[in-house]
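Presented sequentially are two complexes of chain A, the first with chain B as partner and the second with chain C.
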Partner chain A sequence: MTRLAQVGLFEAEEHLLAAIAESRSRGLVVVDAYSPYPIHGIDELMGIRRSRLTLVCFFGGLLGLSLGLWFQYWSSATDWPLNVGGKPFDSLPAFMPVGFELTVLFGGLSTALALLVRSRLWPGKRGSTPPGVTDDRFALVIARSNTDLPSSELPELLRRHGALDVWREGDR
Partner chain B sequence: MHTEPEAANLAPPLIGGGKMPSDVTRDVCGPLERRPTGMWWLAFAGAASLLAIGIAAVWYQVATGIGTWGLNRTVGWGFDITNFVFWVGIGHAGTLISAVLLLFRQKWRTSINRSAEAMTIFAVICAGLYPVIHMGRPWLAFWVFPYPNFRGPLWVNWRSALLWDVFAIGTYFTISLVFWYVGMIPDLATLRDRSRGLRRKITGLFSLGWNGSARTWSRYEMACVLLASLATPLVVSVHSVVSTDFATSVVPGWHTTVLPPYFVIGAVFSGFAMVLMLMLIARRVMSFEDYITSAHIGAMCKVLVFTGSIVGLAYATELFTAWYSGSEYEMFAFSNRLRGPMGWAYAVMVLCNVVAPQLLWSRRIRNSLGLVFLITVLVNIGMWFERFVIIAGSLQRDYLPSAWSDYVPTSVEFGALIGGFGLFFTLFLLFCRFLPMISMFEVKTVLTDGHERAASESDARERSVA
Partner chain C sequence: MNPRLDAPPIAPDWRTPRRLQSALLTTAGLGALLFLAGIMLQPERAWGGYLMGFVYFVSLALAGPLFLSIVYLSGATWAKPLLRIPEAMGAALPVALVLGLGLIIGTHELYEWSHAQAVESDALLAHKVPYLNVGAFSIRMVIYFLVWIWIGRKLASLSRQACSGPEGRRRSIAVSAAFMAALSVTLSLASVDWVQSLDPHWFSTMFALRILSGIGCAGMALCTLVLTTLRRRGTMRAVVTEDRMDDMGKILLALSLFWAYIWYCEYMIIWYTDIPEETGYYLLRRQGDWGTLLPVNLIVNFAVPFLAMMLRPWRRSSIILTRVAALMLVGRALDLFVMIAPPILGSEVRLGLWELGPLAGALALFGWILLRALGRSPLVGGEAPAAS
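Moving on, here comes the complex of A and B:
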């Protein structure tokens, strides 16, 4: 959460969504919203772009497949060709199961890692979590700068949508 | 807001008791914050004793040698590999529930997916131990990996189905663990924000500073869908690869193309039976009757009838193909399976896997939890026997009558079998004690009633204030 922000705490998802909609329509910058569970449709409302994790997953999987197939080829046809039951050294069909498993392994690990890096989550991180948002509360953070609206009207706006509590970031 | 006729058109709520989000947090976190119940200690003592028997048996076997088992030159795989295939199969339902049902947007999965995924991980741990024990010299288990060594380097044989197993099981364990852990991060944050002291430190470490931001949720949901999309073909590949351990050999009764789908559906079937069994116990012991409702049990029973029928079809296909092939050896292998020295095991398998689940067509039986529990136990027994019949039964009688031999498992093998169950239940009970057994954030998304009530209650309050 940035400084110079106005925070409102809500008790229902509908109130949060309504407050976001009005803030955005009045040209306010929604810094972030916090909720105990993912809210359907909040992405469009807040203008969050579709995540590009799919690309990470695809290229991670591709890397796993290429490395897997290359290593199997290199170790059994180049580095030490060994005749096993008269089968060809470069037995591509027999390399597919391991190739597939490595595709999934690399794809999955790179996706999970990208999620953590991109969302700045790491072991032992101390973040500021608005009170109750991991239980049953919803929080909205609006930037107090870049707005034509007098900042005194922000708490009023949040309360109109049912905010239980309103405070400026830095007050507590 | 809610009118009666409108509500009547809706399906019954997934979660009973008119829960609000804070009730979910309290119900799921509560048992973790209290002292364990007497029932839990009793179960834990039982499971740990079984595990102790297993450890003693395996210790004796490793110290003395594989000769302590009943295996011989003809029957080289017995209880050990049967247990391996059985436990891998048990794991599959967890992935199916968490990944496939996520992709199909089956909301009833939210109450059971966490424990089903935990079950997957524990089952794969049990499964992975048996081939390692079977090696006889488990301290050399790293030889299965392609690592640079001073013998050439001599690489592993990539054309061997046994090596594919190493990669399939390794990947399956890793991806299941990642999926389970990533799925638990928001709930660990909930635990963190409720606790103090050491528990807060530990949950704080593992919840990675999660704060429920909408931007994180957006990426998080994408990551979960991606992991589910990867896990779905993975689960099919794992048991297919396990089946190639048999299907790529020339042993009659093993050498069939039906084996991969046969194994995969059997795995889903046995896994679902195990999930259902654990859920029936857990809802009672942990008082989760509102979360694991009769609707959940009914849905899982229907999956059991469906997969059980496919298993029956697979048995019939295998018999038909043996006859239709015209191959003397194939026909003998199957007549031996039905009428040979292990004919009784085949009968147990068919009764437990094909006949017993058919009872679940009846709604009366689906509603009778005692009977459902009994059927799940029977299915687990039947599926263990299926693997035993395929593995030991086929090996006993191969091409050369002079090589035929019988297989009698020893007490050491029974000890290892018991130990597997001990390990599984010990891990599961520890999970119930220390981690949120129900995915709180996912259950909160399906509490439609609760949201609307919260909104209307506070609207009413505002109106009254005004």
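Moving on, here comes the complex of A and C:
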């Protein structure tokens, strides 16, 4: 199915929220919404599922911690034991700073990479953003999930909620 | 739903049930009686318990203005609906001063540096006499409390008036900044005076931060506990949303991590450098039964709250959030116990009525003051509660 998504440009948060609410109640798919600033509660209104990025972050951090502790244990207790200030070769307190740093590093990097991969972003990719949504405009992208609804319904709905401009995704 | 689409309902005010009030007062009275009996029978242990109760009491009372000033300095408008709680916590500071004056009587039982004989035979203690003597100790204590009470009152009254507009905001920020600056100096000295000087030969530049992180943990845990209780009774449910309770859980996670970070920073440096005058402190606390309590302390104050508050469904469950907050309050007592009791009890762990009585009494007294202060003004101010 080729998805014909309709984009509407709004000038007020309330218009955007009302358009989202009606689109959802009529069984349309809310593809995306753009806003210059975060709007509290919009994720619930749009019906966005909870992000699973936190899981990636947790297990990335766990991996970093294990690798950090294992490598220090291997290097300072197994492969090349050195007597440092009379401490035992295998000293957990001494390994914690590096373990902590690697937890943060792996957690952060894995989350950022997972986000980029999941949203299909890579260096040099050209994105398309509705004009003005980083300034003072709001945009909504909606699509039909079934074909019962006439395709002319989408721009009408957007305009009814005060859309300044309406176009089909990919046309601009 | 978008919270802005809902009209803010009006929350009813809080009335402390009479039975709870009298239970708290009874506990406080029993604690005082046990303490008085302890002075006759086991003076050292009773004063140790008194010191634990006093430090815990001051921590909770200081957490009030500390929380207010952080809110104003960071412009945290999300916290507006729950500011009545830290305001009420700060109301206990004058009583803390009275408890502190009581502590001066006990200096001889608690602090080695107050013994003229011990000082004479010890060059290091003699060197510290200009700072560590009962007169200076008492004067400093009064100064700390006057500063805290003075600025804390100002901050609470500004917060209660809900000063808005650029002028009111500027004043709130100025007073908050003054409190932070004053607290950084006074709390550093106070933590040396009251707790660190129990081991008068030992010193740590991290110590004040350890006390501060404890204040943060205990204060926030108490705020959370009060909020969940008020919400369960229907009070404030409308203004303090589930999202906000979720935020409280996140802050508890962050604070328990902060506590562990500070604890480890001190421990690790002392463990690594291994200088005799520094290791004495942890030598005592790592041997025998104290050595068992050391990991328990880390589990209760760090591992459990940190892991539990990572899970979103757990942060959003009022029951689990309440239990974690309660556990952190118990953890605070445990942390104070391993800070304060070893130099008093020696190598043997003893936890009995002499320690628990004064501690429970002080906490019950704090609870009574807090609930009374909460009942005095409407829980939600005149400003729009859902300001985001």
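Throughout what follows, the second predicted complex is superposed on the first by the 163 of 172 C-alpha atoms of A that agree within 3 Å, B and C clash if a C-alpha of one lies under 4 Å from a C-alpha of the other, contacts with A are read in each partner's own complex, and residues count from 1 in each chain.
Operating definition for what follows: a contact is a pair of C-beta atoms (placed from the backbone, for glycine too) under 8 Å apart; a residue touches a chain by one contact, two chains touch by 3 or more.
Because the structure is a prediction, the values reported are computed rather than measured.
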Could you tell me whether chain B and chain C fit or clash when both sit on chain A in the superposition?
clash
According to the stated criteria, A:Gly47 is in contact with first (chain B), second (chain C), both, or neither; which is it?
neither
Just checking: does A:Leu17 make contact with chain B only, chain C only, both, or neither of them? Give me first, second, both or neither.
second
Which partner does A:Pro150 reach: the first (chain B), the second (chain C), both, or neither?
neither
In the overlaid three-chain picture, which partner chain does A:Gly162 touch, first (chain B) or second (chain C), both, or neither?
first
Who does A:Lys125 touch here: chain B (first), chain C (second), both, or neither?
first
Superposition-derived comparison: chain B or chain C, residues of chain A touched:
B
Chain B versus chain C as contact partner of A:Ala94, first or second or both or neither:
both
I need the one stretch of chain B that runs into chain C once the two models are overlaid. Options are 20-28, 254-262, 380-388 or 452-460.
254-262
Which chain A residues are contacted by chain C in one complex and by chain B in the other?
39-40, 42, 50, 54, 85, 87, 94, 97
In the complex, chain B touches chain A at residues 20-22, 25, 146, 152-159, 163-164, 167-168, 170-171, 174-175, 178-179, 182, 185-186, 189-190, 192-194, 204-206, 208-223, 226-227, 230-231, 233-234, 237, 241, 244, 440-442, 444-445, 451, 454-455, 458-459, 462
Quick check: in the complex, which residue numbers of chain C touch chain A?
1-5, 264, 267-268, 271-272, 274, 310, 312, 388
Help me check something: in the complex, which residues belonging to chain A touch chain C?
17, 39-42, 44-45, 50, 54, 58, 85-87, 93-94, 96-97
Touching residues on chain A, where the partner in the complex is chain B:
11-15, 32-40, 42-43, 46, 48, 50-51, 53-54, 57, 61, 71-72, 75-76, 79-80, 82, 84-85, 87, 91, 94-95, 97-98, 100-102, 104-105, 107-109, 111-112, 114-116, 118-130, 132-136, 162
